[in-house]
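Listed next: structures, encoded as structure tokens.
One chain, chain A, appears in both complexes that follow, with chain B as partner in the first and chain C in the second.
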Partner chain A sequence: MRSLRRGRPVVAARRRMSAAFDAAVTTVAILAGLALSAFILVVAGVPAEELANEFIVNTLTDADNLRAVLAQAAPLAFVGVGAALAFRVRFWNLGLEGQMIAGSVAATAIALADVGPPVWRLFLMLVAAMAAGMAWALVPALLKLRLGVNEVISSLLLNYVALNFLLHLLYGSWKDPVDAFPHSPAFDPFERLPDLGWGLNAALPLVGAAAVFAAWLLGRSRAGFYMRFVHANPSVALAKGLPVAALVLTAVLLSGGYAALAGVCLSVGQEGRLTQAFFAGYGFSGILIAFLARNNALAAVVVAFLVAVLFVSGQSLQVFYQIPFAMVRLIEAIVIISAAASEFFLRYQVRWLR
Partner chain B sequence: MTVTTAAPALALSGVSKRFDGFPALDGAHFSVREGEVHALLGENGAGKSSLMNVAAGLYLPDEGEVRVDGVVRRFSGPLEAAACRIGMVHQHYKLVRALSVAENVMLAAMAVESQSAAGDRSADKVGTTASRAALRTSYGSRLARIRALIDDHAARLGFSIDHRRAVHTLSVAEQQRVEILKALVTGARILILDEPTAVLTDEEATRLLQTMRTLAAAGAAVVLVTHRLRDVREHADRVTVMRAGRTVAECDPRATSTAELTELIVGAAAPAVTRKAAAPGVARLAIRNLTCRRHDGFEVLANLSLKVRSGEIYGVAGVGGNGQTELVEALLGIEPPVSGEVIIDGVGDIAMASPAARQSIGVAAIPADRYRLALAGTLPIADNYGVTRVASGAYGSVLWVDFRRMRQEAAAGVREFDVQGVRRIEQPAGLLSGGNAQKLVIAREFASAPWLVVAHSPSRGLDVRACADVQRRLIDAREAGAAVLLVSEDLEEVLLLADRIGVMSRGRLVAEFDAPVDRQRIGQAMVDHA
Partner chain C sequence: MMEFLIAWWANVPEAAAAYALAALGLLLCERSGVLNLTAEGLMLVGAMAAMGAALQIEGYPGMALVVGMLAAALVSLLFALLVVTLRVNQVIAGLAIVFFCQGFTQLLGVMFDWQNHPVPGLLPVRIPLLADIPIIGRVLFEQNGVVYLIVPIFFAVQWVLHQTRAGLRLRSVGENPEAADAAGVSVPLVRFGAIVAGSALIGLAGGLLSVGGVKMWFPDMAGGRGWIAVALVIFARWQPWRALAGAVLFGCIESLVPRIAAAGIRVPQYFMLMTPYVITLVVMAWTAWKGRSRSSEPGALGQPFLREERR
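On to the complex of A and B.
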């Protein structure tokens, strides 16, 4: 029993935890993740004294950069709130990108086929996008509810189905006849999200309304109250006779619809046409945002704004220091790993036993 | 190590163990010799499993000592016990379902070997190299060696088992054999089986017990933890009886009558309780020929029929694991039955209805497994209190839940039902102690006057005061005209509360009595048919 004499770390489950402790641990974890990211950036060639400048001062004080941040924040907030909706019913929707693609493909179809009068065109595109995103999310939801298929796998793999269908369209019948590039023809001006002045389009009020709706649904409606039980203890929810399947379906379909609107912000809002990679990386960002926001819809909007700051700073780092944009993904990953790892300290306490 | 032939293989003495202040073991003692099958008999909660968990190194006793071959041992984990050649087959098997039989056995063997190697290192330096060499052999050669050992032991015991099969493809009886082989291959000489016959058919049980005789004849010490008198009378050399954490007797099962053993198990008569005579009305709940099967086809409920009338408490007595959980879950709609009817007065047959479809019937449910079927531990007390009444519109509309009113009513309910330890109504329900969590469940279920109550072991694990409170609530409900079905593994509780008593054994209702009833007769029905 030599090991006993020397002492050893003992891990024990934490019995009680307070909200303040939770917030403190998460904050420390995120700061640790950012510090590690800063170290990597310095090693990659960004002068240490310039970091704060690049990340905070330049992005938030410069009007152009702030506009870019806000434009970037809208689709991020949509995917973030969408992910949070699904996570609230313990449905790990990894198919956010597939749902973004499905939504934008449907919106583009409406635009290219000139469905309905021009005044109604944009509205129809949005409705079609949401319907398509929901339909894409319905597949893994039904597979899970009816057959018990793990949604992590089914929703993730449907992303590839959506991507290849998108490429099929862009290299085939939807190829732009003007420049023969593999993207769709440009949308007409009335088919794009309208400008609200100051270089911002209608995506921002749209996402604001969507987030408030989600916050109401999760926090105030009877369905949201029931979802707490589905999330906290599914077997109790079933035993108490809550409509678990309907609740899961509602949340997942909304999640798919929100993801589709995130895609619309990018394709219909920013790019003005359907491109090959408008969605890339948003699925992961959505999960990160929902995770850091603890699946709270309004907090997700705030986190989305911070991630947008990271995105825009990453773009300027790319320009000024030739740092690859992949570095932004790396920072995202480090922050999420730090936050996830900190859960250990929330659940357990470590003591040194002699 | 000197082995004296006089010393028993395993001896526990003066063992006490408390859980959260509740004494599970109170100075219990037990010993088993080589070459005998020794039964450890007692009701649920008598402390049998706890005592054996102490022997197998799972629990560290608060007091008392464990001797193996006369040497005092202090196990800080099951591997240390295994290194002393003590093996335990738990009631819930500890197998990796995705792995094969051979891999499961090897996993256990590797752990025990490395533990023995560690023990050798501290004891003497000579054994070290050999043990280390054994640990260094390749995966393939180890597996081959384990397979040979499995086949060897299996042949000797008459088990037919394919060591390549994955554990999840095996039947319950086969998995049990894997557990036994696991213990034997790792060198167990003192083999403890916790309720081994509870999940087996009669033929399987008989074969297993014969196998244990074979093992004992070959020099092993076999401990049979059981509640079935028949197992004991036919297959054990000695029997130790436990009650309420204490060892009450040790005797020769062949020289003791069934009546004597029954009395030892259930104890002396409890004081009679005075209360109003039952005034039963119409049958609110009628169960007809209810049959449920486990996934592997085993019948956990067989043709069970009973009626509960308004204004009475119908007690279902029986030793745990005889279909009580399945009965309650079938009544709550969690596991639908294969056949049979559950007729609710004025509603009709609801046997196949989902819990959601049953919500409007208003059955007050007090399940045994609170955190699986009644409370979400991470959610606030208020949410847990309000969840059943939200649907009725008591706390606002579909669009807007009135959380303030829910909190107020929860606070009132918590006060009325004397739930202690509530500092804030928003605190997670999981922070309540067992008794108070149970009171919270009752506060919720009885918030509107209960009409039909289904309670499963409602006072299990509660302290005396909480226990009396919970039982008082059930009597109050009965006196207010509710029909109460009380399924309890605690005979004392059933005798205390029930107006009529049905005894369950192996998924059947084997006897029915009107209160007051002689506890001996119930005890006999509980163990005789088992």
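On to the complex of A and C.
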């Protein structure tokens, strides 16, 4: 036995790292995750030769599907940029879905109560949605800043509270009187995001502007610089006299507001009414997008587009191969696990110690 | 009134058992210094695997629960690989595993068509004589086998943690891995062991939900109980007996909700369903306000261990 043991592997922190190495490792990890997902899809009954067709050719070359991808990309980009904003200050905002619900409930309340003249209605709905999303994000933010309550759990639990509140409304006073289904009455045309032609609505320019603003805030502004400081080391940032609490609060509130707008893209933009499960799976996707984009707002938009491709492909797999939509969730999880695992190779190096 | 109270209390032990098992499992893991957010996912895996086994082999609910435990332990190996070997951020790794389990269980359960198929499941076991005591007998001695098992499991966890060499090693790894390492304890090995053993308990909690409780399976059936268990461990300040007390509290709340509806008391149903989550938030805020949770937290909780090697 002794002679077989020619030393042992030793893990040590990596001293230097090039951007090219970083990009290469992350790309390989994501590709490995996708390869594993492809294998699972083949086992689940999708012919191997159809995979490329389903995921790349059909979604990007067919006009209808591309339209669906772009429509899907808007809420994903909102929620992804929102997650990135909170993660920039080391705040695990896992309440994105609850904030989406809160935003859409507020927008629906404005629409159902006919607040303000029709010309201003949509604007009021958007403002109310953002305010409600921010208010919903304020709870875990204050609990963390004031009392040091772990925001992972508190923000997550608020999702369940928001969901039950939504169901209370939809099965109660907001039930559609027309068909008695548990969804709200349909919005008036002027209460929906306007059409811009080619089957796309105003969600895309809205999210574009929001992403550029977030990119400016995080990358160019003084507050963004301070936020990077807080991310690197909160206690040193505090010792240096930075307004850490104000920075965290700003980022988290914006995060909640962006999540609310993601909800609005789905309820006010696409569905045209408040439904039971419009938010499902978006919180998780937002975390995935922010993580893969390394909390960079513009990169998040690109990743959101790719996740939208996955979503639309998932829907067609459901139709053509009866594969549950949960497959999309599984693929997202596999990608996030392999990307997280790859960070090992970025942070550490393994040497053979003799 | 008495009828209402007995009907309520008789449901408390089973609801509390799931919380207690999950919290004790998490506690084992966190005392070794690994922040474990995977409970929600592992409960889903335990619930699905146990139900799958119960549908395949009828009449052996105990076997089904063992399958659930093994499945959760198996998935936890992936978590252990990520956080112990690869030293991935423990929050990211925990969340990723939860998402993985949510997608995986939903996919398998729907593809194998395990959804909404009732099974006989775990049946209540009457303890002779004791079950005949008024009130107490109905509440405590007409439960399923797993509820009785909580007692030995609790004492076993308590004993292992505080009376055995393995428990001493586990706690030393959680408090100060450098010192434990210098004393010759293998930090990765202890953490792997703690994660797998704890996750088996969490898997049993999940199996109890499907095979013991509602006796069928549906997607996302853990419904946030895993997250509540994580909060419970913080509230319990990483002490087993406090975790047990917290589990009973949440068992009371959870089993009260359907009783109120059944008694015909008109309260908005969905507000009732919110209460466990709201109360968890309140308890977390209260624990933090009292301000003692920080000091009783395992010293190395959430920090990956890397031995500094000489060149």
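In this section, the second predicted complex is superposed on the first by the 347 of 354 C-alpha atoms of A that agree within 3 Å, B and C clash if a C-alpha of one lies under 4 Å from a C-alpha of the other, contacts with A are read in each partner's own complex, and residues count from 1 in each chain.
Note that contacts are C-beta pairs under 8 Å (C-beta built on N, C-alpha and C of every residue); 3 or more make two chains touch, one makes a residue touch a chain.
Only a predicted model underlies this, so the values are computations on that prediction, with no experimental measurement involved.
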Fit-or-clash call for chain B and chain C when the two complexes are aligned on chain A: clash
First, second, both or neither for A:T26, with chain B first and chain C second: neither
First (chain B), second (chain C), both or neither touched by A:F225: first
Touching partner for A:S155 - first (chain B), second (chain C), both, neither: neither
Partner chain in contact with A:F165 - chain B first, chain C second, else both or neither: second
First, second, both or neither for A:P243, with chain B first and chain C second: first
Partner chain(s) touched by A:N58 [first = chain B, second = chain C, both, neither]: neither
Of chain C and chain B, partner touching more chain A residues: C
Which superposed partner A:S235 touches (first chain B, second chain C, both, neither): first
Touched partner set for A:Q270, first chain B, second chain C, both or neither: neither
Partner chain in contact with A:Q99 - chain B first, chain C second, else both or neither: neither
Overlapping segment of chain B (options 45-53, 99-107, 387-395 or 459-467) - the one that collides with chain C in the superposed model: 99-107
Overlap of chain C and chain B interfaces on chain A (superposed complexes): none
Residues on chain A engaged by chain B in the complex (per definition of touch): 1-2, 15-16, 220-226, 228-229, 232-233, 235-243
Chain C-facing residues of chain A, complex: 10-13, 44, 92, 94, 139, 143, 147-150, 152-154, 156-158, 160-161, 164-165, 167-168, 171-172, 284, 287, 291, 323-324, 326-334, 336-337, 340-341, 343-344, 347-348, 353
Chain B residues within the chain A interface of the complex: 122, 332-334, 354-359, 365, 367, 371-379, 383, 386-388, 390-391, 396-401, 431
Residue numbers on chain C that touch chain A, as the complex places them: 37, 78, 82, 86-89, 91-93, 95-97, 99-100, 102-104, 106-107, 110-111, 219, 223-224, 227-228, 230-231, 234, 268-271, 273-274, 277-278, 280-281, 284-285, 288-289, 294, 306-307, 309
